[in-house]
Amino acid sequence: MKIDRKIDRKIKKYINNKKFLIGSCMLLVMVVLSLFAPLITGYGYDETFVGPALEPPSKDYWFGTDRLGRDMFTRVIYGTRISLISALTITSICFAIGVLLGLLAGYYGGVIDMFVMRVVDIFFSLPWVLIGLLVVVIRGPGLLSVVISLSLAYFPSFTRITRSVVLSVREQDFVIAARLTGESNANIIFRYILPNCFSALIVQASIIMSFAILGEAALSYLGYGIRPPEPSWGVLLQQSTNYMWDNSYLVILPGLFIVFTVLSFNFMGDGLRDLLDPRYKRAYE
Amino acid sequence: MSESMNQPIHDPILSIKNLTVVYKDTLFSLKKSRFSRPAVDGVSLDVPHRGTIGIVGESGCGKSTIAKSILMMTEPCGGEILFNGTGLDSWRRNRLAYYSKVQMIWQDPFSSINPKMRIQEIISRPLHNFFHLSSDEIAQRLHATIRKVGLTEDHLVMYPHELSGGGRQRVTIARALISEPILLIADEPTSALDVSIQAQILNLLKELKQDMALSMVFISHNISVVEFLCDSICVMYMGRIVESAPREVLVKDHRHWYTTLLFESLPNGPRPKERKFKVDLGELAVCEKGCSFAPRCIRAEKLCFESSPDLVEIGPDHFCACHFHA
Amino acid sequence: MIRYIVRRLFYGLITIWIISVVIFSIIHMLPGDPIQLMFGKTPNPERIAIVRSFYGLDKPVISQYGLWLANILRGNFGVSIVSGQLVTELVLPRISSTLLLTFAGLLFSICIAFPSGIAAAVHHNTWKDLSLTSISLILISIPEFWIGIVYMMVFSVWLGILPTSGYVSISESLVGFARIVFLPALTVASVQAAQTTRMVRTNILEIMRLDYITLMRSFGVKEKRLLNVHVFKNVLIPVLTQIGMQAGALMGGVIIIERVFTYPGLGLLMMRALQDRDYPVLQACIMVFALVYVVFNLIVDILYCVINPKIRY
Amino acid sequence: MSNTILEIKNLRTEFLMPNKRHLVAVRDSSLHVDAGEIVGIVGESGCGKSITAYSVLRIVPEPGRITAGEILFRGEDLLGKGPEELREIRGKEITLICQDPLSSLNPVYDIFWHFNEIFTAHGVQKSHAEKIEQIVGLLGTVGIVQPERKLHQYPHQFSGGMRQRVVIAMAMLLQPKLIIADEPTTALDVTTQRAIFDLLGGLRDKLGISMIVISHDLYLIAEQCDRMYVMYGGEIMESGRASDVFNHPLHPYSAGLMDSIPSLSFHQEHLNGIKGEFSSVFEENPKGCCFAGRCDRVGEECLLTRPEMREIEEGRFVRCLKA
């Protein structure tokens, strides 16, 4: 009973936060669209000449059609799949690597810290496009290159955040107390320090999701990422730019779709920050 | 290991001999090292079995460093610490056994417990780590301990943020006592609490000390709290013990001028009192050679700036480090 | 203070050095021999060997690296494999155009971000704050290349007031250059300004709550002065740090934007070099980017020292 | 009374929380300060003593609001004043000394700048040399050695006690009529605390400045103040001459507070403190006495009627049905 009410209150707290609510609703729309893409549109994403080429938006073709008469709306919502899946993969990889390195650097300090932070600084200092470029130089364009390069580009932010939280948590008495209660280092890291990093990390994860979506789109746009015929958003926009003089809808509508998705994560991130970040909580205490 | 655990209790239970601790700068630290002054400088004290020693001093006098050294959290530069007749160097090889016998309570009940753990886990973790007990035994000891410190079963499933400061401090006390230690180190356990809660915690500690046959090192900046709880009191100034005596003696007949200053500084209610000291700190000067208190002392003479006084016995169990203690 | 800057400089040098090692090893790990590519389908082993030794590719890796590094330190990045020009000649003019674009963008963004961040913080929790934060939230959700395309469509295609591409150097015509650089810089600034606005706003709100502000308010200092003088300098400290940290992202944005506008900067050169597998040029571009990043952060560090007395003394 | 500097009547300060709940931090509190008097407010954390002080200066942090009452400063109601009028009173007539000296000075500016800001804020026309002379003199008075050398140093170069002295000097700069000291020594060592209070007492004797001193330390308040107020749960529970309240507390809370502190004059085996803990939930209109849950003299009527402030003898008030 009591616990039920507690969970209730927690859910209510999240629902009461407007930014979080808007963000998660927007995201829900995108997830539903991408999951049920085949049910929502009757066309295949690579089906050519389902209608006349370069047809402006209409009742049948919501976002119009491209040069080969493919339905843009279908392509865009199939693009959502690619985008969300790759962003999720990138974020998880970044999270795993970044957090682990951050924990090691922050907890053990000394030489390990020096070494990890130098490496992290270097990845941080290279513009992410440059990292993408280097990866493409080595192993050619493709989804895997996108994942590798964006993971390399974004894991440092997790490391930095984890490390800074660990450094402040490590100095708190409860970590010293844990040592006195006989906890092993692994236990201290995973039971005492990591749970206290989570709120900051979750906020960061939602931000990295949005960065990953943007990054994937940009790399694909440059031709370093996902290649046609896969309907990645970057690819769509790349193909559409040639028609921007006469068929601006081909550029604007898919672009708005990206903005919508990224915005959902940014809204969620902001909401989570208000809910979880102790610096914001303090304002009301 | 079992040898040392089953040893009869040695009296004094803890004995610190000539302890010196110097904090070194880390290799890449930004700050230039200003002080090479040791944080603790040749401190010796004994904690008798079932006795309570109070350490009083102002911030930076090294009292917390002593606690850290006893708990093996800093490496002393010199001197030794014997617990139950065995040196800490041998205990270092067997930390778990040591920590099951020596426990600590912290100043800030908000930072000394993990906010992401339930109270029952916080309190019972030491049992999991120190002993191989069945879950029934653990539950039994858990319930016995929380009753001792005045918590209820309802508290067990809560998270720390649902408790007030006093409640949290009870949790830390329970965590420290669940492994049934024989020595408890308390580092300012009440200074973050409100006065009415402080009284409750002090009463609790006093009762527990009796019931569980605890020896205790109690560290505080507040003399009246120390007086309430301790059998004998050490006064520290800049890393050294300047005066130590049994409680009554120290309160009635303190000889060191720093002790006098501490007593004079205490607010004492509306009763106007003739004061021996006009406290004016000026800048806290550091005296390199002589008595470290000399720059602030009204009795300081040339001798005080030139040679540092030793801690000498001036009465039964009454030690004082002052050239002019008479 | 000098200790601090020397330390940061040292870190920066280490960063550049490690990047050089990384670049060197990547290029040597590559599949496809650039020399062979040079000669096309009919390789002549003797000539390949001559060219190989000309580029020093026949020596052991370590000495190749030493040679390479020594050359770089002398400012000699070699010769472009594709065009045969000196790499320095190719790269140098591009540096200035990229830097001009970056700093124009940064300047734009700072000029927009500080006033709007301050306004949002001052009118905290009102419609002004809400609209400013919403706009910046939307702006940071927009892909840089897309907003570039949209600007291009609006200003060049629909309104027809600005050129879509082409380049006029600043020495030729200031106005012409400004017309060229305006849209790319605006694109850089849009995203950057949104981020900085948010940073400025949260930091002001945070500092406004601190004790020393409350104390000065209790001494009767005017609210306006509290904000513009008392808070402002303290806000600069975290904001500068964060701008410095974002330098990498900023330059990444610049590279893409150069592509969108076919603006002849380093980024465009780099991408072309990648297509042509023109490794000397690629190396040089990456090194320059790393150098720019380090110098940028050094400037931030020096500014930081000037503002923060804790480091100065 | 003609020589009353400050009179607070039935002050009520609320916090409008985002979930539409109102937390009443100060409720129905009245107090007054006479010229040249040091008045103490004592209470535990969360009792509303600091909010009372902030209410006087009208700098209650967001989302706090003063919802009822009057604050009369030399006969004029501060609550009716516009922001500009209020600003001129702050710093010139009434000044504040904060709790934590480590965070009460702006870290990026030097000491002189802090003083100069106060001059500028109140439009004081003085030459640079005159300003320096006055500040150096003041810093000397508050016990800073070699003040002219300290003038252009930054806060992080000072110790906590020194910073608190600087803040006191700032509070003294324009010779205010009233200084509000909000736990001025809580963060400091005992000996430093003594030095700061010697300083504050000396200033009162020399310049006749009235003071409100806020602290959780009953002994300190009783020693330093002429009159004192005991607060609990946002209400003033008891007031009177400091020695009277200290020696003969009427309210069970004051008595319990007194018993909570171990005495040095005789050794105690047990402290007869107060049971339970203060719950920080401020109800909007509570039924009964807010101390009833912890009181050992509690009766049925205490849970039903909210006690009003009663005058027991002249200048001696208590908010308890049983007293």
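We just call them A, B, C and D in the order they show up, numbering each chain from 1.
The criterion applied here is as follows: contacts are C-beta pairs under 8 Å (C-beta built on N, C-alpha and C of every residue); 3 or more make two chains touch, one makes a residue touch a chain.
Quick caveat: nothing in here was measured; it's all calculated off a predicted structure.
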- Centroid-based (C-alpha) most distant chain relative to subunit B: C
- Message: So using the touch definition from the top, which pair is joined by more C-beta contacts, A-C or C-D?
- Response: A-C
- Where subunit C and subunit D are represented by their mean Cα positions, the distance between them in whole Å: 53
- Hey, how far is the Cα centre of subunit A from the one of subunit C, in Å? 22
- subunit A and subunit B have mean C-alpha positions lying a whole-number Å distance apart equal to 50
- Task: Can you tell me which residues of subunit A touch two or more of the remaining chains?
- Result: 283
- Item | Interface hub residues of subunit C, defined as touching at least two other chains | 209
- Message: Show me the residue ranges of subunit A that touch subunit C in the complex, using the header's touch definition.
- Response: 118, 121-122, 124-130, 133-134, 136-138, 210, 214, 217-218, 221-222, 237, 241, 244-245, 248, 251-252, 255, 258-259, 262-263, 266-267, 270, 279, 283
- Message: Per the contact definition, I'd like the list of subunit D residues that touch subunit B in the complex.
- Response: 44-45, 143, 145, 159, 161-162, 189-195, 197-198, 216-220, 222-224, 242-243, 246-247, 256-257, 259-264, 267-271, 273-275, 277-279
- Note on the structure: Within their complex, subunit C touches subunit D through residues 209-223, 225, 229-230, 233-234, 237, 307-310, 313
- Item | subunit B partner contacts - residues on subunit A that touch it in the complex | 3, 114, 172-174, 176-183, 191-192, 195-196
- Task: Write out the stretch or stretches of subunit B touching subunit D in their complex.
- Result: 58-59, 164, 166-167, 194-200, 202-203, 206, 221-225, 227-228, 247-248, 251, 261-270, 278-284
